[in-house]
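Same chain, two partners: chain A is paired with chain B first, then with chain C.
On to the complex of A and B.
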């Protein structure tokens, strides 16, 4: 059935991005050769860390089917970072900061899971609502101001670089993706997720605890958003209430480009990882070429549509 | 399978909304002296015009099991078209018509992507939202359109038969929507698609055509709203329409239209819009910062659906199939 690195039938979408990626790199090499190098690698991976974590959560939720989607990821990243910083201000020992951030993300994810699996609210509406609640709360609780005061020991983690590779990328993103790939490919629980996404009714009939699994996946998506929030704190040194802006669009685009089928049950995390790196390279490259950042959201949005249209076209021809 | 066709009278949900509006009015009037004035009532009504028009379109889209998160930005882009024309000295009627035309053109794009491209509406319109945001930045060039000529605004002050123009437009839009829904085959077809798209297709309903037309009509209404917006405020800011889609979805769901499709209430949408705008206005007047508005709207959306679920009124089976 599905391989972890399933790129075969989905190679069309990845091909589009690889072509774009080559174009950007080639453009950079011609127009601004000085920009290519270790610093660019560090910068790309630094930005990739946050998107990769969020895109993984998004992908897991979509994989499990049932019209699964998590539009609240960006709001969850902002709010978990803000909640952790506000708790710190209220006197929480700084050692607990990582746990507060991840705990907040987990709770937000559990809330989404509750809305979807217990109250049976359509995922897109439930997470659209929580997206506005989470991102609105992050802004309203701070009045829009960045919250400073991240402890030094966290900064040395967040800003550390090892052979041009950011330490958070090595210690958070890589392990999480390896774990996800192993769980999805080699454990029964991972196969359940594919089974649910492929055919929910059959999955229920063979005794898979569909609702509980889905609840855990939404919680995981929240937890990963919390980790992403933590990375943003340790990297930027402050909690920014709008740090998660546009992440719902970018994570969705990364998941689709990476070969996750929008109806669930199809795709693997390897493709998502590649898509995240390619997407961020594209964005960073455009930035280096002095293309205004307002173009980024439009390009990501257009990519999302193009990749889905290409997928349709490919499937129709098959 | 509650595709009931009601023509007159209010159902329980609508009465409840009416009561909620009344309660909100009473509470805010006591809490904030500035709330219960005729001037404030006029403000609330004026602020509701765009949302009413967009809400009517959203009612149709949700009733057929779709969604459009880009509709607020569609209004923004159409408003830029109107504003740019006014700024360039175009005749008022042409500028006024540019709104609906631009809205319809953008509705065509949405319909092409979502209906012809067969992309799930939430993903397709989210992608378009990104594209349109960039388009707004590029079209405005980083600057607001402000201090636009007053030609269009003067039209708003006209009172044919003693009734303001905006009321006429709302009434006409509502009547047209009601007729389409209750007096033409389009209505039952729309609700049938919302109930079960595949069954509707098999029973010979032109599903693609109905869905296509609905997205175009919704774009058209957003375009009419754009003309109103420019006429009322005489400026177009960078963040125009950014929360309108959420407001519209919340108002429509509040009004009793099912997000799983197949059930809709136009009068419910009107009451939902009024309740939302009363709440937003009232909270502002009792001193809640405007940053809390999206939190309140989002919470209201989830709260209403949560309570519906608790009351067991949502269809419990096959949410996966209904969604797609």
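On to the complex of A and C.
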């Protein structure tokens, strides 16, 4: 019954998301039909690519419980992109650029995992600290200047479009979401993540390697931030020290909207994916309708509160 | 007797200056339900923790099937076939029954190092166990969060059986249950023993104990003060032993 209700509440928030999405599209179709089309699809998915990657890492960390949260994702995106570009400038062969970017992200994630699982610092505080460290370091290393010089072959990947769908979306976002869904749904590891997210004590009693799993998930969140940094490089053609700005809060919003329970052990990655697309569509749609950016932020915030209230309402009506 | 599963000899446990257990001699037999009785702080839980590997004994030996063993962790005890069902059941409410029974020891097919779950097989094994225990649960895929307290006990027992436990220790299994549920759990306890498991039951409820236990051991102030077979004693005598009003206990306490 609980599971049924849980799925219900999850599908309720998903349903709200889909309805809102249709509403936004319908609003656009009436008010500005010219804006709808392949170009809009491309631009929505292009922005979605980066947010989706980061939101996936965020969701995995939250799902595993233990008050898990990764506020440093935005900083990790900026810093991994900057580190990779600086290494390129220092003479690293350009072939290694993707590996440098992902490797930097992975190391940053491992550092978070170390703080949380070994030093036992509360994740909110540990990743708040590393958020400032990572984003501050990205600015300090560059003096705030964008780092140009991304090789041409990467640009053709990052800017490539296949039937109106950006290539990075097809080659990075879709595969990692499918992979995450399979691991969560069909493997023993997935069961362990849900079990430890819901009841850490019992997970430890049955012998699940809780700390190691959590360490790996923080590292994965960092790695995904590195991939997002890579996508930003290949798309924009330069490493910007502030590219990850606001990603921590947006990824958190996407995870919550997508039905990930903030206390862990609840939710799936499909909802997160839908939430990312909705958020970006909404923002793009509002932009097309010339709604002030200030209002856009407020609307996203209000949306989050409404969806969580609906979720709460259905939880209480058991 | 050759169905002795676990024999404790002179088991003593000290925490600093406090002696929580002193010189406990106890035999746990396969196919038998043994009840541990005693007031709060009498040493029942400490004894259980020693047997289940959570605390190493300060003194004394534990033999399993005649072989001396020393447990450094609950995992050692589990490997020796001892399963403890704690009051706060180690179940994950967001997972299904079969997922809980196999949690941490899933049946998997490893493809490229990734352990894919063999769901059907796990489901069938659990359905079989539930059926065998006559546990009144029809769907092994139901989430544990939807189960009653007694059904959760059944799931925990299934988990113990699935780990091939030969000694199942149950700590207050009926403490929070309604009457009908209590009946059910006591029935499960009985069936466990009939399957050849050794069962240790800790309970405060004398009538429950008289319903299922073959033998009763009373602890008082860290000592074993009495051991009785069910058909040779009465609830009144057991209560007198627990509270210390019984002449035997008085004599023992005077002597020390």
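Assume the second predicted complex is superposed on the first by the 311 of 318 C-alpha atoms of A that agree within 3 Å, B and C clash if a C-alpha of one lies under 4 Å from a C-alpha of the other, contacts with A are read in each partner's own complex, and residues count from 1 in each chain.
One rule holds in what follows: a residue touches a chain if its C-beta (ideal position, glycine included) is under 8 Å from a C-beta of that chain, and two chains touch if they have at least 3 such contacts.
From a predicted model like this one, the values you see are computed outputs, not experimental measurements.
A.B. asks: Which partner does A:136 reach: the first (chain B), the second (chain C), both, or neither?
C.D. replies: first
A.B. asks: Could you tell me if A:198 is touching chain B, chain C, both of them or neither one (first, second, both, neither)?
C.D. replies: Once the two structures are laid over each other on A, A:198 reaches chain C alone.
A.B. asks: Touch test for A:232: chain B only (first), chain C only (second), both, or neither?
C.D. replies: neither
A.B. asks: Name the contact category of A:252: first (chain B only), second (chain C only), both, or neither.
C.D. replies: first
A.B. asks: Look at the residues of chain A and decide whether chain B or chain C touches more of them.
C.D. replies: B
A.B. asks: After the superposition on A, what does A:265 contact: first (chain B), second (chain C), both or neither?
C.D. replies: Only chain C; A:265 stays clear of chain B.
A.B. asks: With the two complexes superposed on chain A, say which partner A:281 touches: chain B (first), chain C (second), both, or neither.
C.D. replies: neither
A.B. asks: Indicate the residue numbers of chain A shared between its chain B interface and its chain C interface, in ascending order.
C.D. replies: In the superposed arrangement, which is not itself an observed complex, chain A uses no residue for both chain B and chain C.
A.B. asks: Across the complex, what residues on chain C touch chain A?
C.D. replies: 74-75, 86, 88-96, 99, 103-106, 108, 114-117, 142-143, 145-146
A.B. asks: So in the complex, the part of chain A that touches chain C is made up of which residues?
C.D. replies: Per the stated touch rule, the residues are 1-3, 6, 183, 186-189, 191-192, 194-195, 197-199, 201-203, 205-208, 265-266.
A.B. asks: Over in the complex, which chain A residues touch chain B? Could you list them?
C.D. replies: Result: residues 65-67, 69, 71, 115, 119-126, 128-133, 135-137, 139-140, 143-144, 200, 246, 248-249, 252-253, 256, 262-263, 292, 294-305, 308-309, 312 of chain A touch chain B.
A.B. asks: If you look only at chain B, which of its residues touch chain A in the complex?
C.D. replies: For this pair, the touching residues of chain B are 67, 69, 113, 117-120, 122-124, 126-135, 137-138, 243, 246, 249-250, 253, 259-260, 289, 291-295, 297-299, 301-302, 305-306, 309-310, 314, 316, 319-320, 322-324.
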